[in-house]
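In order of appearance the chains are A, B, C, D, E and F, and numbering begins at 1 in each one.
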Amino acid sequence: MKQGIGYSAVGDTFDDFLLIKEATKGVASNGKAFLTLILRDATGEMEAKLWDATKEDESLFIAEQIIRVTGEVNQFRGKSQLKIMSLRPAQPTDGVQISDFVEKAPVEKAYLSEKLTEAIFEMQNPTIQRLVRAFIKKYQEGLLTYPAASKNHHEYASGLAHHIVSMLHVGRELHKLYPELNKDLLYAGIILHDLGKLKELSGVVTTSYTLEGKLLGHIPIMVEEIGLMARELQIEGEEVLILQHLVLSHHGRAEWGSPTPPLVREAELLHLIDLIDAKMNMLNRALDKVKPGEFTERLFAMDNRAFYKPLFEEN
Amino acid sequence: MKQGIGYSAVGDTFDDFLLIKEATKGVASNGKAFLTLILRDATGEMEAKLWDATKEDESLFIAEQIIRVTGEVNQFRGKSQLKIMSLRPAQPTDGVQISDFVEKAPVEKAYLSEKLTEAIFEMQNPTIQRLVRAFIKKYQEGLLTYPAASKNHHEYASGLAHHIVSMLHVGRELHKLYPELNKDLLYAGIILHDLGKLKELSGVVTTSYTLEGKLLGHIPIMVEEIGLMARELQIEGEEVLILQHLVLSHHGRAEWGSPTPPLVREAELLHLIDLIDAKMNMLNRALDKVKPGEFTERLFAMDNRAFYKPLFEEN
Amino acid sequence: MKQGIGYSAVGDTFDDFLLIKEATKGVASNGKAFLTLILRDATGEMEAKLWDATKEDESLFIAEQIIRVTGEVNQFRGKSQLKIMSLRPAQPTDGVQISDFVEKAPVEKAYLSEKLTEAIFEMQNPTIQRLVRAFIKKYQEGLLTYPAASKNHHEYASGLAHHIVSMLHVGRELHKLYPELNKDLLYAGIILHDLGKLKELSGVVTTSYTLEGKLLGHIPIMVEEIGLMARELQIEGEEVLILQHLVLSHHGRAEWGSPTPPLVREAELLHLIDLIDAKMNMLNRALDKVKPGEFTERLFAMDNRAFYKPLFEEN
Amino acid sequence: MKQGIGYSAVGDTFDDFLLIKEATKGVASNGKAFLTLILRDATGEMEAKLWDATKEDESLFIAEQIIRVTGEVNQFRGKSQLKIMSLRPAQPTDGVQISDFVEKAPVEKAYLSEKLTEAIFEMQNPTIQRLVRAFIKKYQEGLLTYPAASKNHHEYASGLAHHIVSMLHVGRELHKLYPELNKDLLYAGIILHDLGKLKELSGVVTTSYTLEGKLLGHIPIMVEEIGLMARELQIEGEEVLILQHLVLSHHGRAEWGSPTPPLVREAELLHLIDLIDAKMNMLNRALDKVKPGEFTERLFAMDNRAFYKPLFEEN
Amino acid sequence: MKQGIGYSAVGDTFDDFLLIKEATKGVASNGKAFLTLILRDATGEMEAKLWDATKEDESLFIAEQIIRVTGEVNQFRGKSQLKIMSLRPAQPTDGVQISDFVEKAPVEKAYLSEKLTEAIFEMQNPTIQRLVRAFIKKYQEGLLTYPAASKNHHEYASGLAHHIVSMLHVGRELHKLYPELNKDLLYAGIILHDLGKLKELSGVVTTSYTLEGKLLGHIPIMVEEIGLMARELQIEGEEVLILQHLVLSHHGRAEWGSPTPPLVREAELLHLIDLIDAKMNMLNRALDKVKPGEFTERLFAMDNRAFYKPLFEEN
Amino acid sequence: MKQGIGYSAVGDTFDDFLLIKEATKGVASNGKAFLTLILRDATGEMEAKLWDATKEDESLFIAEQIIRVTGEVNQFRGKSQLKIMSLRPAQPTDGVQISDFVEKAPVEKAYLSEKLTEAIFEMQNPTIQRLVRAFIKKYQEGLLTYPAASKNHHEYASGLAHHIVSMLHVGRELHKLYPELNKDLLYAGIILHDLGKLKELSGVVTTSYTLEGKLLGHIPIMVEEIGLMARELQIEGEEVLILQHLVLSHHGRAEWGSPTPPLVREAELLHLIDLIDAKMNMLNRALDKVKPGEFTERLFAMDNRAFYKPLFEEN
C-alpha cells in the first residue's frame, strides 16, 4: 500500500510530518479564529482546518513550516480534508527538511544531465550544437531543478529536465521511423522549447509566475534569449531563425499562445511530442491513484475529463 | 531528376502515357466544344484542355482510358495545366495498364501483411487478440488495397494498411517509453480505428464516399462492426466496450467527429499517434516536391499552411 | 394551493414524509458531525442539514430511507434549505413506499403503451414496422418506466415514453401540414431516437450514467442496436441505414453529439420535434412554479435563461 | 414530366419564353462583346451567354425584358448553362407578361387573406387582437404580395403570407398539444414576426435590400413599428412589450440577429416554428427536383448540406 | 491616506456610518439566525456578517437603513469581510442621509449640463440638432442623475452624463484629427447612444434591470424612441435613419448586442470611443486602489484581466 | 474630377503612363499567348489583358516597367478591367520614374520626422527616451519610407511613419483628457509598436513578407529588438519589460497575434488607438471614392463590411 498524504482516502487516520504550503486565517461563525492550512508531502497535498486558533498558533503555523500532525481524513464538499487531532512544529531533532516534502522527478539529476549531454553529442550541425550547448551551460543549475510548470504536468522538482529528456526519447524514436526529420532541429527544439520557464516561474518550492512571466510569457522570453545568445556567440544563419520559430510555434495555434503556427516540419512534430509527453505524465499520475474499474478525478488540463481505468488493467 | 506528371514544372515538355481520371465537356467562347481532362500517373495529376473536341474525341477520351500525350506545362490561375499538343488512346501493344497509373504505398503488400500479423502475435489478451484477428481475416483483401482517405493523407493504394503499419511502429516505441500503456489495447485500437473506411469509401481507383459513408461515416460504422463481430464470436467483457470507445473517440473531439472524447489512456494516445502519422505523411510528400529555401503549396488539411524547407536541409 | 416539497417556499413549515436521496457526513466548525441530506417527494427535492448527528443517525438516515420530517424552509446562499426540527424513520405502519416519492409522468403507462401501439399500427412500410415492433417488444419494460434523462427534461418515471408519445403527437400533426414527409420514417425515428438511454442510464430511482453510457453514449449505442436487430431479423435494405442515420443525426450538429448532421428530411424534422418537446417540458414545469409577473429560476439546459410569465397569463 | 427552366437538365433542348433578370456586358478573349444573361420563368433560373453581341443586342436584351429563346442546356463549372441558339424579344402578340415569370406561392391570395382573418378572429385578448388587426389593415397590400426573403425560403410572390399562414397552422396544432401556451400571443407573434420585411425588402419582382433594411434590419424596424402603432391606437399594457419581445427574439440568439434571446415561452416556440416552416419549405422544394436515390444540390441556408432522398420514397 | 470602506484593507479597524445595501437572513450551524449585510459608502462596498441576530435585529437592519458600525476588516475566501464589533441604526441627530453613501461622478451636474448644451450648440445640421435637443429636454432629470450601468463602468450617480460628456471630449479632439468625420453625427451618436438606459435601469440608488430592460434592452428601446420622437417632431429624412443606425450598431457586433454592425464611419468611431471611455473609467478606478508594483483585482468586464501598475508610476 | 486609374470608372477611356506591378503569361482558348498585367499609378491599380502577346511583348512588358497605355475601362466578373487599345514602353524622354507611380503618404517626410522628434522631446523618463531615440536613429531611413502594411491600411510609401505620427496626435489628446495616463509609455509604445515591420516586410515598391516575417512576425521580432537594444545601451529596469509588453500585447488578444493581452493601462489604450487610426485610414480612403448615397466596396480588413456615405454628407 502506497504511503503519503496523496494516497490517503476518506476514513484513513494520518500520523506523520507534513509541510505547510499555505496558511490563511479566518473567523468562524462563533467569532473565533481558525487557520486553513494546505499541507503537503512528496506525494500530494490536502486542506486542513485548525479550529479555535490562538495568536500563538497563528505565528507558529505559517507557510514553509514543517509540522507533525495526527488526524483523520474527512470529506468536505466532495474533496478530502484532514481533520486535525493534534499538531506540533517539527524540531531539529526530528531530522526532517523541506526538500523531503517536495515532489521530485522519478529519475536522478545525474541521469537527466547525462541524457542532455548525449543528445547534444549526437548533433551534427555545428551551429545548432553550439547554440544549444551554450544554453545548457548558461542555465544548467535551473534546468536541472525547476519544475516544467506550476501545476498540471511535470510540476515537481527537476520536472523541466524530466520533460525534456522524456521528449528526447520520443524524438529519437520518431526520427528513426520518419528519417526525413532533421534530428538536430528536433533535438534543439525539444531542449530549448520551455527554457523560458526558468524566467517565467519563480522557483522550485512554491512556484508562481514572475512579473516577466506574466507580462511576456515563456515563449517570447525564449525567442529573445535565442536572439541574444546568437549575437553573443556571433552566430548567423538561418538556423537561429528556425530555432526561434520552433520555440515560438510550439503551442501550435495563436489561441494557445503561439502567434505563428508551426511552418517547419520539425516545429509541427515538436508540438505533437510536447502534447504526448505532457498528457502521458498527467494520465499516468492520475491513473496511478485509482483502481481498475474506477474513474480518475477530473483533469483540468485535459479539458476537464475524468479517465477510466479498465477492469482488465493490471494495477 | 524525378520523372512523372507530379514532378513536372511550368515550362517542361511532357511525352508519356497518362490515365484520364475525369473528362468533362464544355463549350468555348467560340461556340466549339472542348474537354477538360484530369490526367494522372502514379506521381500525381494535372488538368488539361482539349480544344475543338469532336464528337469522336468525346467518346474516346473518357474516364479510366489510358492515353499517350505530348504537351507542355503552362500556368493557369496559379496552377499548372498541361497544354496538349497531341494525344491518342493507348493500344494493347503499348503494354500499359490502369494499375500503373495509380499511386501506391512505398512498401509492398506482403510486408504490410507480415507486420499486421506480427502485431497480433505480440498481443497477450486473448479476447482482444481474437477480435482483431477476426477483423483482419474478414477484411484482408480490402485492408491491403484500400487508401486511407480519398484525399489529404495516405490517399493511395494500400494507404490504409500503410497508415496502420506506420502507426504500429510508433505505438511500439511509445509503449517502450511509457510502459504503463496497455500494448494490446493500443495495437488493437491502431488496427481497428479506420477499418470503417472499407465501407465508407467506394474503392481504390476512383475513391469516393458510399451512401453509408455519407449517412453514417466510418466511425459509427466501425463501432457497430465491433459489436456485431463480438456477438458473432460470442465474446463478452469490457474489452469489447473499450475497443468501441477507442474507435469512437479517435478523432479527439465532438466537432472533429468523435461524439465522445477519449476517456481511456490508450484512446488519448491513439488520437495523437493518428495525428502524427497523418501529418508526417502529408508533410513529407509536400516537402519532397520543393527545394530548400522554398515553401510548399498550401496544405488544406494542415489548416491551409504552407511549410518552409530550411536552406540547410539536405534535399 | 399545491402541496409537496417542490412547492414549499421560504418561511413555510413542513410536516410530512420524504425520501432520502443522498446523505453525506460532514464535520462542523465545532468539531461535531452533521449530515447533509437531499430529501425528495414526487414534487421536487430540497437540501437539509441534520446537526450534531450521532453514530446512530449516520446509520439510520441513509439513501433510499423514507423519513417523517417536521421543519421550516430557510434560505441558504440563495437556495431553499429545510431546517429540520424533528425526524424519524418511516415505519411499516406508515403505509408509505419508495414509489410514492418518485416523480412520475402525468399520464398512465397503459395510455403510453397504447399510443405506441397505435403509431406502429399506422405504419405502412413493412420493414420499418417490423424493426420498430421488435424494439418495442425487446425493451417494453424499460421503455415504459425509464426517465428520458437524469436531469433537465422528462427526468421522471416513464419520462422516456412520455417524451416519445408527446413527440408522436407533434409528428402526426406536422405530417398532416407537410404531407411530403414520410410518416413511417418520422414515427420510427421518434420511437427509436432515445432508446439507447435504456443502456446509457442506470435506472429509474437514482438515475446515473452507466459505464457504457459514459464511454459510448446513447446515440452510438442505439445505432449499433439497430444494426444488430436488423441482422437478427434478417432485414436488409436502405430502411435500416436511414433509421440508423435518423438516430445518429438527431442531435443536429457534431458539437451537440451527432457526428453526422441530418441529411434526410425526416432526420431534420426529428431533431426539431425533439427540441420542441424537450423545451416545452422544461418551460411548462418551470413556469408552473412561478406567478404571473415573475421570472423562473435560471434553466441550465436552456442556455441558463430565466423565463418571464406575463402578467396577463392565467395561472 | 415537369416543364420549365427549373426542371431542365444538362443535354435538354429548350424552346420557350423567359424573362431577363439580369444582363451584363463582357468582352471575350477575341475582343468581341458578349452578354451574360440570367433568365428565369416561374420554375427557376439559368445563366446564358450571348456571344458576339451587337450594340443592338445590348440595348434590346436588358433586365425585365421577356424573350423567346431556343437553346441547349450545357454544363459550365459544375452548373447548368443555357447555350443560346436563337433569341428574340417577345411581342405584344405573344400574350406573355412579367407576372407569368415570377414564382408564386402554391396557394391563392384569397385563401391566405382568409386564413389571416380566421386567426385574428380566434384571438381572445382584445389588446393583442386590436394591434394585430391594425397591422393587417395597414400592410394588407404588401403582406399578400411580398416574398418572405430575397433568397433561401419562401422567396416568391406571396411568400411572406404563405410562410405566416403555414406557421399559423403549425401553431394551432402545437397549442392543442401544449395547451399551456397562450394562443393569442403565439398567433400574434407569428403574424407580426417578419412584417418588418415589408420595409427591409424592395419589392416582389427583383427583390433586394432597402437602405433601411441594410442599416436597421427587419427586426428593429418591426419592434419600432409596434411601438408606434401602440401609441397611435393609444394601447398600453404589458401586451405591447411582450409582442415587441417576441419579434425581437425570434431569431433565437444574438449571433443570429436577436440581441435578446427568447425569455417568454411563446417566444421560444415562435423561434422553433419559424425554423420548422422555413426548413420544410427549403427541403420540400429542393427534394422535389431530385429522384429517389439522389442528393439535392448543397443548400446554403441549411449549413450547406446536400440532402438525400431515400430509394423507398415515392416521388 | 484615502478614507472610506472602499479603501479599507485587511487588518484595518473601521468606525463610521455605512448604508445597508442588502440584508439577507441565514441560519448558522449552531441553529441561530445571522444576517449577511452588504454595506456601502461613497467609496465602495463590503460584506459583513451579524451573528446571533435577534428578531429585532432582523427588523432594524434592512436595506436602505444607515448604520453606525465599528469593526475589523478580515479576509474570507479571498475577499475582504467586515467583522462587526458593534452597530446601531443612525439617528436623525447624526445628520447623515442616503445620498451621502452613494458614489457620485467626480464632476458637478451643472458642469455636465453645460457641456451637453455646448455640444448641441456646436451642431450645424438643424434636423440632428433639433432631435437631440428634444431628447435632452425630455430626459433632462434622469440624464443628469442616472448611472451608466448597474456595474462595471460609470456605475455611480450622474455616471451616464459623465460618460457622455467624457466621450464628447474625445469626439471633439478626434474630429480635429480626422476632419472627414461629421461632427454633428458623432456628437448626436454620443449623446443618444445610451439614453435607453433610462428605461433599462430602475434608478440611481439600488440599480437593477426593469422588465423592459430585460425583455428589450437599451439598444432597441432607444431605436424606437428615436422613431417616436421624429414622428412627434414631424422630422423626416435620412438623418433619423442614420441616428437609429448609430445607436443600433454601437456595440459593434451581433454577439455583443448590435444586430447590425457599424456601416457608417461615425458609427464605427462611436463604438471605439465608447470602448475607450468605458475602459479608461474602469482602469483608472481599479489602478487608483493599488500601489506601484502591484496588480489590480481581476476586472470582469475587461476579460477578467488583472492589470499591473509599473513601479515607475507616480501614485 | 480626380484623375488617375484609382478613380477611373466603367466606361471611361484612359490615356496615360502606368507602372506594371505584375505580368503573368497565359494561353487563351484559341491557343495564343496573352499577358495579364496589374497596372498602377499613385491613385490605385487595375488589371488589364494584353491579347495575342508576342515573344517580344513578353520580354518588354514585365514587372517594374513603366508603359504608356490607351484603353477603356470594362467590367469583368464584377471588377473593373482595362481593355488595352495600345501600349508602348516609356522612353527616357517621357520624364517619368517609378516613384511617380507609388502611392505616398499625404504628408512630407520632413514633417513626419519633425513630429517624431517632437514626441521624443516631450518625454520625461530618461530610460524610455533613450531607448526610443536609439531606435529612431537605428531605423531612420526605413522608418520614413516603409508602408505600415502590404495591404489594408497605410499601405503606401511613408505609411508606417504616417500611422505613427497620426497615432501620436491621438495619444497626445487622449493624455490630456485622461491625465492618469503615462505619456512617456504611451508615446514610446506608439513609436515602437510596429517597427518590427521594417524586418517583416520586404520594402517599399513591391511589398511582400520576408522569411523572418513569415516565421516570426513583426511582434516577436520587435520584442527581441527591444531586448537587444537595451542590452546594447546597458539599460536595465522595469521600463524595458513594460515596453516589450506594450509591443507584445498591442494586437489585443491571442487569436489576433498577441500571446499576452494588455495588462498595463497604456497597453490597453495603445491597442485602441491603433484600431482607431487604422480604421479611420481605411474608411476615409474608401469613402473618398464613393458619392453620398452610395456604399463603398467591401472592406476585407473591416470584417468585409461595405460602408454607407449618407446623403447629407458634403463630398
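Here is the rule we go by: contacts are C-beta pairs under 8 Å (C-beta built on N, C-alpha and C of every residue); 3 or more make two chains touch, one makes a residue touch a chain.
In this text the structure is predicted, and so the values were computed from the model without any measurement.
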**Report entry** Common touching chains of chain F and chain D
**Finding:** B, E
Report task. Quick one: report the Å distance separating chain A from chain B, using the average Cα coordinate of each chain. Result -> 40
Report summary line: Rounded to the nearest Å, the gap separating the Cα centres of chain B and chain D is 43
Query raised in the report: For chain A, what residues touch not just one other chain but two or more?
Result: 29-30, 211, 214-215, 238, 242, 263-264, 295, 308
Report task. Any two chains that touch count here, so list every such pair. Result -> A-B, A-C, A-E, A-F, B-C, B-D, B-F, C-D, C-E, D-E, D-F, E-F
Query raised in the report: Which positions of chain F touch chain B when the two form their complex?
Result: 24-27, 29-31, 211, 214-215
Report summary line: As the complex stands, chain E meets chain A at residues 28-30, 34, 49, 51, 74-76, 83, 295, 308
Query raised in the report: So in the complex, which bits of chain D are touching chain E?
Result: 211-212, 214-217, 219-220, 223-224, 227-228, 231, 238, 241-242, 244-245, 248, 254-260, 263-264
Report summary line: Within their complex, chain B touches chain A through residues 125, 166, 169-170, 173-174, 176-178, 180, 182, 185, 237-239, 242, 261-265, 268-269, 272, 275-276, 279-280, 283-284, 287-288, 295, 302-303, 305-308, 310-313
